[in-house]
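Next up is a structure, given as structure tokens.
For reference, chains read A, B, C and D in written order, and residue numbers begin at 1 within each chain.
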Amino acid sequence: MGLFKKIALAAVASLLVLPALAQDFIAGIPRNEALIIQGPTAQNADWFNLWAPGGGANANGMQQLTTDALWWINPEGGDNAWTNALATEPPIYNEDFTTMTVKLREGVYWSDGVEFTADDLVYTVQTQIDHPGMGWSAAFSLNVASIESPDRNTVIFNLKAPNSRFHTIFTVRWNAAWIMPKHVFEKVEDPLAYNFNPPVSLSAYVLNSYDKAGNWAIWKLRDDWQRTTIGMAQPTKPEVNYVVYAASGNPEARVIAQRNHNLDVINDIAPEGMFSLMKDNPSVAAWLPGFPFAHPDPTLPSVLFNLQKPPFDNKDVRWALALMIDIRAVALGAYRGAANISALSVPPTGSAPDDYFVPMQDWLTNFELNTGTRTIKPYDPTVATQLADMTRRQWPDQIPTDEAQLQRIFGFGWWKQDMAAATELLQKAGFTKNGNQWLNPDGSPFEIRVMVEGDAVPTLARAGTTIAQQWSQAGIKATVDVAGPTNGQRLGAGDFQTAIYWTVETWGGHPDLSFFLDSYRSDFIKPPGEVQPPRNMQRWQDPRLDALIDRNRSLAFDSPEVVALGLDYLKLAVEEMPMIPLMAYNKFAPFDTTYWTGYPSAANPYAASGPNWSNLRYMIVALKANPSVPKP
Amino acid sequence: MFLPGSDRFGGRTRLFCSVQIGMYMNGFLIYVAKRFGQFVFVVVTGVTLAFLIAHFSPVDPVEQTLSLVTNFGATDPRSVEILRASLRELYGTEGSMISQYFVFWGRVIRGDFGPSLSAFPTPVMTIISRALPWTIGLLTLATIISWVIGNLLGAIAGYFRTSRSIKIVGLLVMALQPIPTYITGLTLLIIFGFLWPILPISGGAQLNLEPAASWGYISSVIQYGTLPALTLVLVGMGGWFVSMRSLVSNIVTDDFVVYSELAGVPSRTVFSKYVARNAMLPQVTGLALSLGNVFGGAVIVEFIFNYPGIGKLMVAGIYAGDYSLVLGVTTFSVIAVATAVFLIDILYPLIDPRVKLG
Amino acid sequence: MSQVLDFKPAAGTSADVLTIKDLKAYYINDMFGVRREVRAVDGISLTVRRNEVYGIAGESSSGKTSLIKTLAGAIRPPMQVVGGSVKFDFGGKHIDVYAEPRKMQAARWQNLSYIMQGSMSVLNPVRRIKHAFNDFAFRHMGLDRRAFRQRVESHLQKLGLDPNVLEAFPHQLSGGMRQRVTIALATVCEPEFIIADEPTTALDVLVQQDVLGLIKEVQGRLGSSIVFVTHDMSVHAAITDRLAIMYAGRLAEEGPTQAMFDNPQHPYTAHLIASLPRIGDVSTRKSLAGRPPSLANPPSGCRFHPRCPIAIDRCSKEVPEMLPSAIGGRVACFRAGEIAVK
Amino acid sequence: MFKVLRDLLRYNREFLFGTLLILIIVAIVIASFFAPYDEMATYAVIPDMPPGPEFWLGTNSRGQDMFWQLAASMRNTLMFGIVVAVISRIIAIVVGLVSGYVGGKTDQIIMAFNDTLGALPNIPILLLLVFVLRDQMTWGVLAFTAAMLGWTHDSRLIRSVALSLRTREFTRHAAFSGMRTGQVLLREHLPYVMPIVFFTTMNNLIWAIGLEVTLSILGFSDINRPTIGGMIYWANAHSAMVAGIWWWIAVPMIAVVILFLGLFLLAMSVNEYIDPRSRLARMGA
């Protein structure tokens, strides 16, 4: 059949032609001048107004590359965490924290050639106060009584009430109140409806081109990059001329893209993808050179209890559930052992190990828990070491043996799984056991639903299934609910029994806990059924906690007392167990060094890792072209 | 119009029926009106269904937006309260279900599905219209290719039953057909993206290319569309192959085919003008009926290959909890599929002169 | 009859157009493990002369349709020719149908055409009539498009058809009209040999008359030979010159039509003729006992013997040969001529 | 019936092959009832073991024996398909027979409704429902919904047969002899459409299982319940492909291909068997 043979031939021929058609990955831009970063698919690609609702999550390079704020905190910065950006010095508060004075930098220009001045800062605050829908409007309205600008470099905020943390609104960890270009927005009738397209940049990069469908956005180095705060701190011209944010598909597609050297920076992938890249691709670098490679984000995934729902209002039940968990299995299940576990209610990252974890070890080891029949010491300081030993079999030459180093990688200790103590605690709370099934005090079976978000955060979904299984084995029927996108809403509405999520998030680079703690005060707690504002999703209410929060509000940011207060909070959280802290959120963000070198790492933590973090800009200007780059 | 009978046969005009060319247009209008009625019925049912399902959603658009906005960074509880109040005002989810239903219809007719929550304040319709060309392009191309190849191979296989090579191809084509779209797509992705990486596996076109009628852009679109389209073609053509083969093997025994063969009409003409031409007709109707499923396949393919079309948009909307986007896409796809079916229906009389137009 | 009768057979060729020798064509079916041989044509020999109408009669499933399909070389699997030969002589152009398929293919429609049963469905439903003429006849005529069209139109007019039918689709024509179109289609190339397979069956009586008249007229005009197949004996009486009676895949009797009607030699022929209604006869026709035999498993000996009113022992054991009959034809019966028509 | 089956097995290679494939699946399903591990349990065995003598199909990264996972998944997935097929068959038969038998305006209205449902794109509607119901979307609800969407094509087929039965002699006889409509349909017509029902059941199973696989892979079903799609979902969640745990993806994929090919071959050969033309050829015309 001639016709048929022709068809078959054509099919084979077209297959052979395909490789010849292969195109450059980016049209019109030399690959060795571009850094390609995993971006989101931005459905509102032509919306660049960060200050209007929805714009706040604009993570396709807009807020990472073109914005600027007064101060920055590098979550991994240690002693050098603090950076004065648009401000020349840290905030100056008066005695009772009712005014804050800011000194601004000179010589910083917007990308359209207009100079940045105090007017921009005043305009940013005043405009948002005038337009309640804008992102930082409420924060400004609540705090700011008036603004003065005695000269072009000085702004004085008069506050409605004492607030020693007012400056944090202007301090970037992930984001902050970005400065608006007055000369652009003042010509606009409604700043809420303005798309700010093309955006004017206050930082070293400016928009080059973007895909209206939101699959990519390309930013290029400003010719006057030196007239930005990041440029001023930069001795030589940044070598990355173009930054490409490209939507890169599912985790496996990202791994494949990086293997093909078409994706330099991956934001997050599953641990398996990371391991596979690190094993097979010598060109890939990571935060840690060996296992577990991950960067621990300053967030604390935990088992959250809905404390307004019995029996989770009972501390003994919460403790019993904690003691039923074998954290090693959770770490293996969620992260294949690559977890940085934490028994304390702060993430074990940044400065926290030194500030909190080391000082707490003795207290934890001696901590006593009354099970109703006896007193036990539940803390096992060797859990992290055991975890290291378990993973060492698979990664023999990657795992260090030095205990201090291990603690930084795998965490310190955790609660030892203790079924006898858990049984006693449950019995103390009035529960009975029928065969292998626990019964509520009223005789009904004790069942728990564990809510996880699912695919968006796969490691936590895995942790949830592992924990549910452990509880089931201990005689409590536990089922996992995948809440998906309703996760946030259900957490807020209290529509859950237990959940795997984080309600503790810190600066990372600073011991101050106000980042989350301030919102834990009991006056924000809503009755059951009403929506709880972030972040106290477990609705933990305790007069001792309120006292701590009040004390913190009147402490200066850098006061040494901040750490002491933090320790008190941690002890309270251990005793009350309002949530079961599990581990840091370990983020797997591999870098491809084929084109660029000098990525941040644990050894050189000059910036946090992860492309949707705003301080990624410090990494981009620091990257060096790989001298052995393949010729295009 | 009557044909005059010849004298020789006594003018037996009763033998000759009228040639109804004059009736044609009128009948066509009635036919179109009927089809349009069906189209309206489908749209109304689908839109109502979508509204009802969405109406019972536990997802509160306001809370959804709030959680999207407050997902990152420091959030002051007091500021969230204020934001919530202003959002409630914006979305205006008040009124009885009936009035909301009519409001919804008003929106459907205006093509206004409100602002997307995950891409606030971009209107859902804008987002859909950006994704639409991709899906239409991919689906049209893949559907036509699979329809043509499937039918051609099926017709060949039905007409030339004894050829061994055609039997082998037929087996391959049929074996591919029942495999779920996802598995075919993933297999292609593994082969051409991972084991032998020669084709792009993610996206719709090369980076930094502006849509333009240039060869560079078009070739890029073709290249990026190859794997998604190939998946749809491989999955789609088996069905056409099977039904065409059985249609043809029935038609070859029909009198008019046997007659043309007896008459020594060249077999190429018999095959194309007699067999395939007639067997094609039910396949066109089948095409209209299958469009709904084809669209479902596109959802999966776009998801696998990160293709910037409607299907991926819908899945992304679900993952993002974007209530208005999901409702908008569903409603829109119901209307789009119904429209495509309607178009095929009214074009059908052009290829089948027998269609009962009355 | 008419002023257009001006065609005469070419002189100097043999008198037989078609010669069939011991033709055997079976349906061989091998489905789901059951191998079946259906002996639709089982050892038939006959000749058709120039310028005659040769009738083939028989009950349904007697194999008559299979026979004409086989002689037209129009069989497709599962039917196969397992023995014998079919040879045409078109004015000196000799074709052995199963030995020279290419030659046969070339002769189709030019020398040999076909009027098929079921006028409703023999025309391609989705194409206009003119396309049928183009497909079937154009390449044989050696004319350019315009001349061809004129030729077709004048041919249609001769047959009393308005040339406008060329623009019509088959479904827009009545049954009778379609059959006329088919006849026009079959005769436009003026072939030497026409096979007419039940051309009048599905038509009402008046139309039947009309069509028969038309066929007869065209045959007379062209001087062609026609093989006319129908189960309707009255049609045979009206149109055929010679008649062959088929029973269960074999010939029972062959002879001049008129003589056969007057004096049938085979009991089966006699039965067929007797079952014809006659004016003034009110007696009920006695129907033959039993059913036509299965061709897959035919009776031994004479295939008619289980139903034959005058069968003898020998009939079930030996197969009667076709031998010359008393009325100038041939007959396959041990008791030929022993039954009289009432 | 038994003879037909034997003939099909003996003489129709497609049917034989299809039956063998389905038997493999059935054996796996039966094996699931003898599983040594709880199908939900994780870390029951050493993770990431490639296929070998100890673990025939290997183990996955969640510490599950792939063989027993496959068995449980196949059982659950098949169960889903069968539930969908049974419900939608009942609807299709009732609608098809009634519409074809009653005819006239009723037939037109029923078929208009039928075609409307058929013209709705299934996947978007199902996704919307998944979006709305979330974790109330149990497999039962999903099966019911799928069944509601999956009968229209088949009821049209059945109707066309019923339409031709309507004018047959025995229908009139039955109607004259005072049988009620329901009885006529049940006793006289149903046996005629049974071969078609069988044929469409295979296709419907394929469709329903494909749907379940698709939704599970997207993560839109109960992830606690092992299913074929769920296996692929978990494999994707652990990046099994790039991590080199190829068997985690290959096993469910091959299993589903075996199942579908088996069903498809059965449907094909049965279709050929019941096709009137090939039947005629067999009986000898």
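The rule is simple: a contact is a pair of C-beta atoms (placed from the backbone, for glycine too) under 8 Å apart; a residue touches a chain by one contact, two chains touch by 3 or more.
A quick note: this is a predicted structure, and the numbers were derived from the prediction, not measured.
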* Where the centre means the average of the CA atoms, what chain is farthest from chain A? -> C
* Using the mean of all protein Cα atoms as the middle point, what chain has its own Cα mean nearest that point? -> B
* When the centre of a chain is set as the mean of its C-alpha atoms, what distance in Å lies between chain A and chain B? -> 41
* Starting from the mean Cα coordinates of chain B and chain D, work out the distance between those two points in Å. => 24
* Asked: Between chain A and chain C, what's the gap in Å when you average each chain's C-alpha atoms?
  -> 90
* Structure fact -> CA centroids of chain C and chain D: separation to the nearest Å works out as 52
* Structure fact -> Among all residues of chain D, those touching at least two other chains are 134, 241-242
* Asked: Mind pulling the chain C residues that touch 2 or more other chains?
  -> none
* Could you say which residues in chain A touch two or more other chains, in rising order? -> 250, 256, 455, 484, 486
* Structure fact -> Contacts from chain C onto chain B in the complex sit at residues 2, 72, 74, 76-77, 105-109, 113-114, 116-118, 121-127, 131, 135-136, 157, 160-162, 164-165, 167-169, 171-174, 176-177, 180, 206-207, 210, 213-214
* To do: Write out the stretch or stretches of chain B touching chain C in their complex.
  => 3-6, 8-9, 12, 15-21, 161-162, 252, 254-256, 258-265, 269, 273-274, 277-278, 281, 351-354
* Structure fact -> In the complex, the residues of chain D that touch chain B are 112, 115-125, 127-132, 134, 153, 206, 210, 213-214, 217-218, 220, 232, 241-242, 249, 253, 256-257, 260-261, 263-264, 268, 271, 275, 277
* Under the touch definition given earlier, write down the residues of chain A that touch chain B in their complex. => 1, 3-5, 7-8, 18-19, 21-29, 41-44, 46-47, 52-57, 132-133, 135-139, 141-142, 168-169, 173-176, 193, 209, 211-216, 218, 244, 246-250, 253, 256-257, 260, 455-456, 484-489, 492-493, 515, 518-519, 524, 531, 533-535
* For the chain B and chain D complex, residues of the former touching the latter -> 38, 41-42, 45-46, 49-50, 53-54, 56-59, 174-175, 177-183, 186-187, 190, 194, 242, 246, 250, 253, 289, 291-293, 295-296, 299-300, 303, 314-315, 317-318, 326-327, 329-330, 333-334, 337-338, 341
